[in-house]
């Protein structure tokens, strides 16, 4: 297994129209989860990937399983008979203004426990990828992520963390308190500039350097339409974003992480990893859905041509 | 106010296709709640109606308010900043096989408290209508319903109760334990044959008579396509259902109750109330949605003609 | 030209769901007109057909033209710069209960005038088909239909009239006053039993005979699911309807007329005409839309097999 | 009541696709009316609002009532048994090219009469808002608006007028003849630059000043993406528009007026009123629908952040 | 692996409305294939299942793979760079009248070759299931099916064949010539009464017995709404169909086969297999889609209750 | 007949969403064909137009006929009982990235033969328009196009050719080999810059001049958003594109050709032809669909105003 991810994947309803949700006429049903989006992203680029989580013993749990298996992800998901699969409703309140309504409190996914980690799956991966969201879901889920990281480190598995701070789930202070101690356990760290500023200050390059001083071998600070900066053993690097017509920005960070990890697995140098990451993110945000538009390796190659970036 | 209802109204998503929900392509968003359906039903028939409940301070709460106000219902709904509006997903698993997925645990609606009852609203009503569902939502909601009933009785307001047993919310035993003591407080009781059998046995007429012996002046046992039986001061009565092409049976019981209460408010004799109830239910189940198809008084009159019952 | 029809064709919006129109989520746009439905019906069965009417110089007029031309109908429609194309909204209030909302008062179609009849088109037809609707649209439209009938008779063209009484457009008394004098000008008359009762009484056969005594060589009284009876030089005949799963009964009468006229054009004997008429109507009502489901001659043949009538 | 509006609200059908209407595949049904949009706008911002109009005694009239009541608007609408509710079809002919097809001639709304003005409603308002459209609908409707203005002035109610010139309803000359005499009766006047040029010439500031010289205490000339200028006792002011991704420009002017009147009701100074107006308009045009996207006060605050204006 | 199937799975487009396809407004995209439907059916009932086929190296091939993997099917599908994935358009011409339009000539699936059979997959199965369709797709596909059967027999794997005669693909005579020699190689044979009559005559029981005399240990003749008859070592058996509201009859035969094979795998006696088969088919035909409605074992149990068979 | 076109028109399915086709939820059905788009374009601008092709004797053939007839095109299409109507699936893989999936190999349209050319139709046209696509469909179709050109030349009919190179159908080398010999037979040649570079090199003006030296009296090289250049007896001309919000670029070249040919038919000078061509293309690409948005002459006039080009 090239990449193993751990986290919650929910059912997700998204409206077909822009406006207050109460006036929407139709909604489509899919699934959403930061970690499973990363898994799908690396899988489409050709790397075996697994997702570990927990789902309800219900129809929406069956939906999560179907979508991830359909994408070729190896799914390790205990079916919890006592809690429903988490659910989120997306709202496109206005052009460029999105809101999310969560129904994930006490969801099956948030009840993930260390016992849900199957023997040997994390241990035999090349990369373990987790996100800050899991630490916000509750003690049991947070502990599970910590155990996964510990097992990965014990087995020499590269540990990747995306800070992914969700203000709807916890406070800035709680997030820093939970995530700061982890930084020394992490090999690759992804953070948006906003997230990085919870831990440091200065320019994007300053942020990356400061975070790197806390432990990670590589820190990538993503800057949206401004691209990304990286601090690593290769020093500081900056890449621009690939200009595209943005259709759905949700999932941009996860797509970026997937592209980066794919480059890492290929043994690409840091600047090639970053360029791969921006190319993957560019295609992902120019399609509807968090993850549906993630590119295959073949599709990725066309990003250099004029078709994708018109 | 002719009728005041108390209970939870949720946002409700329903698929456009028949099949497992995970394969649905589009869902429509509306609201659902047994008590608010009764309120809408009596309002369409020309009687002022109110609904008392609690909603989240969120978009789906705004949806509940919009729909009920749009129907001319007086809405008394505290906006709870700490809990989301309840949500349910409907599934049409196969022709004639429906499933419901609730996201209402710890919802704003289930946190309804006696303090949410506005002064004088219940007291000045002609009829207070509650359902067994509210007693299953938690101690606070159950207590609220009990307080409402007590206030109604103190003010000489007719009390109407629909047993409305939901096995997804509590056990048969818990339902009986909670609802049995209420029967002596109730003037009009609605029960399906299945529900009535939790308290008694025998034929439909036996069930009605047995339940009436526990206190209610009138007991109506609904029998679906078989019509309904009533035990009241006028003795035992039976009416057949109005034959229609059923499109969506959900809401049939609430529609029936609305039609019955309308007859009661008009001062109709028992058999006319029952016929009005079956006519309202017939039109309601021959349209999509729990309550959207409820008839106006003018539309109701056409049920005697061939158009409705073709 | 085998059949020439004269009348109003409107744009027509129909909801995708069953319920009060105000809760519909999507509507589809098509066209509707009794006479153009007859034209499409005979055209699909292989006979050249024309429609004469008037449309607005607007987008919905372009829609009417596009649909009829797309069906291979020869269209003679003056574009009126001063009046809009007529419009109707269909409502499926409940299963089996339909309502229609007209926006056709002072429409271009209702302003049809005798000057709109192109030279020689009616005169060179085998059959002229008109309906009672046109007489209800206003003096100018009614006069146009009368002129068309007169020209047809002068040229030896068979005149076909469908009474098509629309209570939303005029009263029973007005309809009888306008249509009774026409009966002596007509060769083939179609009437539903309800319509026939405006002029006579008794059984269906009585009705047909009584109407025939007013002039038409052949009178066909349609009885919906009961089939049809005919009074003609061949005497009284009765045919049963073809049993089908009804999806949309609108257009049944026009489909029947189209099938009958096709049989007449083929030189079929009366009973074969009636059977052809019922077969065409059966297929038409088992599809969505007034006219979209009308069969080709090839499709018609399958009605005798089990596929259509399962 | 903070704001009372008088005018016609119609049912409105809008296509889901861009292209000639005859190729549209689905349409959605809502309501549209300049004055009711203003009412909804101020209501969402927290001010009680009422709408006075007339509707047909039909399903589309029920739709108008449902939508406005659902928004918390107090509705004073006589149901006219003799005329249908007005209807409009929107067409998105091409990107940025919209067309409207009206079915409102002789509609119930256009038959509004002074007798439809309920006693005391206009008189007890803080602001009466009318638009030039009502003067174009016919003598009776125009007279109604004039009576409403007179009553407002007699009661010391602020009178707000949006010129809202619709070339599909009347000529420039007729509009000027009808509206010019009104200017001396008005306290607040809204006009687009195009509309203002019917009465004056010069720069936007010139136009505002010239119109103000005709009577209104305040004149606001809206300039679309260029913002707005105002001439008032505070002198000449200019505010830029808030840059957004425009999704549906229809309703921009009404949204602007709603925001301005809300500021007026709050006692904001002129420049704050204008900024509030542009913020409300910005959010409204960045959602589908004329009025569905109007912001609440809470949503309005976010416009200063990057989310709304990204 | 419990069941291995071999055959073609195509992309399939189905309209949302009933009527001629040229008037359809929306179509949904899924996949269709007799053998993969059987695989999904047995998989949902809890048995590991595999599908062997060939797909194009294109988006629709990715669709086939996604859907089958999403259902938990092990997919062995070579991607053919030189031929597209097969495609079919479904048409619901009228209620109860379906038509299919194939775009599968020279499709990747029809180019299936014996070299596409992975080593050991057929050999290690408990049951190999094939259908007559594959023999109609061309020499290479037919040969592949024959090789699979031969390998199965060599390894003691039970061979199941559904005659599945498609008149759109070949003639009756060609079908008999190709399939008759196979009967002696088959352990379980499924045939509709129509198909069975290509090989024998008489009552359903006669047909089953006559076919059994050609070799198969068990022959099941399906009779649609009349149920099924079986001829086996246990003698002749007949089971009725489970009465349901039929929504989509396509896939009924494959669902039946899946239920039967599940019973066989469980070691059920013949009559229990047949009852399981009719129950699975009943649920499948009461949902939209060929296979989407196939039941899990848990859902199957409810078929005995009133919910499914209302 | 002003313009006669010869070529293949297919059924075309297009998704409603942006993303990989396998995740599309709904598709719409229309028709597509370069030559018929040109025919529709000139017809909408007021010139009689005809299309010669071949379709299957199937529902999708009926669709092609219906759409073209609905647009007022004279259709000469033999119905081939042995081959299906061609089909294409459009995919909007990401914003600005389109893919096409053809099911046209051995389609009825590709089997077009010289015998399908009706007597006198090409001969009596003012312009014959063909495209390079037809030469890629197979020997028979290519020969048909050659015969049509020969007949046109013999009758003094202007010959118009759009190179329209489709790399999905043949190689660059094959295209040049087939099309180069034709250039001397052509009066008006349309080529994109990419296509022109198959035959020459240099600037756009160079390309036009070089191609003109091979025979055509006029060569127009289209440059997308950069406009177009022309080499003709009037020398070299360049026009800019009309700036619009592009919604669907497919059909831009055909729209351009239609506008140009309309100008030619009107006797406009070269620069007016080019401006007409760019205006037609601008409107066409700012609506959904290949041809649905093509303007009428009246609509074209508005392009000079601000509405179309906002």
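Should a chain be cited, it is by its letter among A, B, C, D, E and F, assigned in written order, with residues numbered from 1 in that chain.
Here, a residue touches a chain if its C-beta (ideal position, glycine included) is under 8 Å from a C-beta of that chain, and two chains touch if they have at least 3 such contacts.
Listed by chain with UniProt protein names: A, B, C, D, E, F = Sugar kinase.
Keep in mind it's a predicted model, so treat the numbers as computed, not measured.
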item	value
Shared interface partners, meaning chains that touch subunit C and subunit D	A, B, E, F
Far-end chain from subunit D, centres as C-alpha averages	E
Contact-richer chain pair [D-E vs C-F]	C-F
Fraction-based call for subunit D against subunit B, same above half, different below	same
Chain centre separation (subunit B, subunit C; CA means) in Å	45
Inter-centroid spacing, subunit C versus subunit A (mean Cα positions, whole Å)	62
Interface hub residues of subunit B, defined as touching at least two other chains	20, 25-26, 28, 66
Chain contact topology (line, ring, star, complete or other)	complete
For the subunit C and subunit A complex, residues of the former touching the latter	25-26
Parts of subunit D lying in touch with subunit B, wherever the complex brings them together	66-67, 69-72
Subunit E contact footprint on subunit C (complex, rising order)	28, 244-247, 283, 286-289, 292-293, 299, 302, 307-310
Residue ranges of subunit E in contact with subunit F within the complex	13, 16, 20-22, 24-29, 58-60, 62-63, 66, 84, 87, 89, 91, 99, 101-103, 105-106
Touching residues (chain side subunit B, partner subunit E) in the complex	17-20, 23, 25, 93-97
